[in-house]
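Shared between the two complexes below is subunit A, which pairs with subunit B and subunit C, respectively.
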Partner chain A sequence: MPLDSATSELVCPAGTPAALRTAVDAGADSIYCGFQNETNARNFPGLNFTPDQLAGSVAYAHSRGAKVLLALNTYPPAGKFALWREAADLGAKLNVDAFIVADIGVAAYIKKNYPDRRLHLSVQAAAASPEAIRYYCETLAVKRVVLPRILTIPEIRQIKREIPCEIETFIFGNHGLMVEGRCSLTNYTTGLSTNMDGVCSPAADVEYRPEADGTLSTRLGAFTIDRFGPDETAGYPTICKGRYIAPGRPEGYYAFEEPVSLNLARLLSDLIGAGVNAFKIEGRQRSRSYVRSVVSAFRTAVDDVRAGREPDIADLLALTEGRKETQGAFETKKWR
Partner chain B sequence: MMTSNLPAVAALTLGPIAYHWSAETRRDFYAKIADETPIDTVYLGEVICSKRAPFFANDLPEIAERLIKAGKTVVFSSLAEVMTVRERRITTEMMTLGEAEVEVNNSAGLLAIDGRPHRLGPFMNVYNEETLSVLAGRGAHHVCLPAELPGPAVALMAEAAAALGVGIEVQVFGRAPLATSARCYHARAHGRTKDNCRFVCEEDPDGMPLSTRDGVPFLRVNGVQTQSETYLALIEEIAYLKEIGVSGLRLMPQQVDMVSVAAVFDDLRRGMIESNEAEERLSEICIGTRLSNGFFHGLAGYRRITKAAASFS
Partner chain C sequence: MPQLDRTPQARFITRLAAVLPLPIMQPVLDRIVRRIAASHSEIFDRLGSYRYSTYVIDTEDLPFALVLSPDPDQPKLRAVKRKDLPPHDARITGTFLSLFKLIDTGEDGDALFFSRTLLISGDTEAVVRLRNALDDVDGSIAADAAGLFGLTGRFVLSRLRHSTAPSL
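Moving on, here comes the complex of A and B:
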């Protein structure tokens, strides 16, 4: 059965203006991005947009029929709210199509001052039930919820029946393990907060330390997140993807999750069937070539599904070739 | 009775038990809390894992009654994670049934509780005055702040809360909650999944230790929750919390002599002892576990900052 575009929007990441143009050219329906500060959850050095860059990028996207979604999806600590307010004002002035928010205070500010702008509820708000989502819809006029990556397809279908807004789900990219917006692991280790500073395992605190026995330790702050033998490829020290020692696991094991990527290419049709309106590709920190290949491949696949054709998923699976991939919680509860 | 006549003294509160303690352990624990501590408010209920709740749900009314008889205020805390049909039902029932006061820990409770006076727990992410003001407008009269909120922000929250007539509570003792997940890491460590966990978390009443591969204690696993290895402990900071008008000091139950812990913080809040004496007593009670206060000072949470190094007050 052919589906219209309103039921399968492709939402793509951009960490730079060049990546944004690339994503638009590769067929993104909308692009999400953020400013160069704590107001978004990918506050990484060398990433994100100045106000001028955002202005130019919005013009480029709009001229080609694409939308720009501004991520203001961190939690302002008391005393710093003005930074988020200014970012919202600027976004409105620069004509972004929607704001992606997590904090109730930020959402309330935008609803009050820019009632004509769409509010999308960020995955950082961790709204995982119809009751939670309805709270945001009914009191803050949220138009779309980005669901946490912890729900199965039957659960998504059930939620869709009970909420008055659109659903966006992640389909590809980093596979987050912790409930988003509820993780202080980085702050505990480095003093920079994921919620308040938009930082996760900051590069400035990372150290790759060769040990006397020939192994390589990957460290974050004062802690060893993993240790790799000469035959292993050292991964980036993200706390929830490290190996640790537990009482029954003296050899060290992935206590939370192995370093895998999420790839839901196989489930595209099922997700649409469950009522998902928009598919999100993770990776604002990724290169232009990555954005180009991932967006193009999913563009084709989504168009196939829209036209009622069986999508050729070989290209999508090839994107994670050589790396471990998972369908996470989406396919089975056993993941939990 | 050890209740206070001085309004300047913040309430001493006991947060919900985060671990899967047996029904018997819980009954004994709360009997001691009722009889032997100056704790003012006790939060009851399962916050971490809905699968554990049936093990002691039947005991809750009796425990609550005992605590109330001893002069404590009793508040029921709701689940931090709400996803399954059962979790949704439990949460909605808590918000709509009964007269007991409720602490909401997931936004799934916010619609149903609207208008009825309630508290907001540390999982509600109330980080700023604007969010506080929105939620106070819907009946929230008391908020426990996120453990990672630094001192200056706590002070601003206390100021804003006072203007709204809202109480502000801060965790001053116990492992810091660092993350929750849909996946159970206790089950995973034992080669199981959440659905067939067989309640292996019961084996670790103070959390399962995770050390780095070079042997440094780092985190604690408590079912779907990840906690700090260190016990968060605000000691020298108590005087400052009092000064800025924080109205609740929260102790989290750990596998240590909590009666003695409560006595230390009671002495501290009343200004009966100096912080170095409190620190000595607390270190002795918590022997083998490091204390931390980094979050409050805007530094890595595991760190312990001494007065000499701190510039918050």
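Moving on, here comes the complex of A and C:
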């Protein structure tokens, strides 16, 4: 039976205006993006939008029936709230459709000053219980929660029954398992905070050391976090995907998670059945080529599921971290 | 180590590059880099202060590397023997065809890194900025460069695209 088309918005990443246009043209229902500063959790060098670029991008998206969601999903450090306030003012002025927020102060500011704009609760808020989500809905008028990637589909179904807002889940891309919004591994290693500076594993602190035998060492700050043999695939230079030597594990092992990407293409139907309203593709830091391939593949798959057809699942393995994919906790909590 | 391309086009380019004296290539590279700098000035905004960095683009199946200095006032792209490489901030190593695919928008840089097809070293921020700057350019930088050389350029571009297209 065809599923309700209103329950499966495809939310796609864009790190540049060109990527945003690519996402729209590939079939995105909405695109999320951020400014070139600490107000969003992909504050990477050379990435993101100036106000002028965002204005043009919103116009492009709206003219083609797509929405733009502005990520303001980091936590303002003490004394620096003005940057987040200015970003919210700019976003409202530039007519974004929704704000993705994590900090309650940022959410409260937008609710008070721009009550006509939707608030989406970022995964950075790590709200994973009905009690927490209801609090955000009732107090801050949040309309959608982006769930952490640590819940099974039955757990999502149960949460949906107990909350008054939409649910968005990640379906493809980086498989971050730290308690998002509270992970301090980058801060410990580099002095910069993922949650306040908006950058996990800042590029300035990353070093790749190729060795004569074809081995590649990856370092973050003063720490070597992995050594890939000549025939091994590589992953991102993040502490949580590092391989470590520990007592009893002299050969080195992935203590938290191995380099792997989430791919829930085969669970789309189950997710819709559990009450998920929107599907998020991770990857604002990725290329237009990635955006085109992944958005197109999921556009087709979601449309197939909506129409009651078996989804046509494109092979996206080449784009995954370490060329490996998982359904993670969505399938079973025994994945690790 | 990245695997070498063995396609006929790659072999042809390798052989041609091996016999071409570098000074003959330089006017071609000069035209390409000036054209791209002039027609895509937005690249420099994303590069920030790294516009003054020096990048080595090491096409490892060719007998030379390219040295890029994006400086908007004096952009330079030079072919240099590896033994003569100048001091540089970052190095990007891959086969000619994998690097071609990057500037022809047909490939995702992270995916090439995951598969070890692409190797980067030196200042990672410099590489990330360059990657993001080039990725925000609409269309294909390779096509822009090919367009400078008329029919010949378009023919070479078409053959390169043919050789990098996924086989069905």
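We adopt the following convention: the second predicted complex is superposed on the first by the 312 of 336 C-alpha atoms of A that agree within 3 Å, B and C clash if a C-alpha of one lies under 4 Å from a C-alpha of the other, contacts with A are read in each partner's own complex, and residues count from 1 in each chain.
The definition used in the following text is that a contact is a pair of C-beta atoms (placed from the backbone, for glycine too) under 8 Å apart; a residue touches a chain by one contact, two chains touch by 3 or more.
Everything quoted here is computed from the prediction, not taken from an experiment.
Applying the stated contact rule after C-alpha superposition, one finds that A:Y208 touches subunit C and leaves subunit B untouched.
Once the two complexes are overlaid on the shared chain, A:L216 sits against subunit C while remaining clear of subunit B. Within the superposed three-chain arrangement, the count of touched residues of subunit A is higher for B, of the candidates subunit B and subunit C.
Within the superposed three-chain model, A:G15 lies in touch with subunit C and out of touch with subunit B [touch as defined at top].
In the superposition on chain A, contact is made by A:R286 with subunit C only, not with subunit B. Of the two partner chains placed by superposition, only subunit C is touched by A:G46; subunit B is not.
In the superposed pair of complexes, A:N195 makes contact with subunit B only, with no contact to subunit C.
Contacts of A:A307 after superposition: neither subunit B nor subunit C is touched. In the superposition on chain A, the residues of subunit A contacted by subunit B and by subunit C do not overlap at all.
Residues 80-83, 87-88, 91-92, 106-112, 123, 125, 127-135, 138, 146-150, 152-154, 156-157, 160, 176-185, 188-190, 193-195, 208-216, 218-219, 221, 226, 228, 294-295, 298-303 of subunit B are the ones touching subunit A in the complex.
Every residue of subunit A that touches subunit C in the complex is listed here, in rising order: 15-19, 21, 44-47, 50, 202-204, 206-210, 214, 216, 228, 230, 232-236, 259, 285-290, 293, 318-323. If you check the complex, the residues on subunit A that touch subunit B are 75-81, 102-106, 108-109, 125-132, 134-136, 138-139, 148, 150-151, 155, 177-179, 181-185, 187-191, 193, 195-196, 217, 221-227, 240, 242-249, 252-253, 255-257, 329, 333-336. The part of subunit C that touches subunit A in the complex is made up of residues 1, 45-48, 50, 93, 105-111, 113-116, 119-121, 123-125, 127-133, 135-138.
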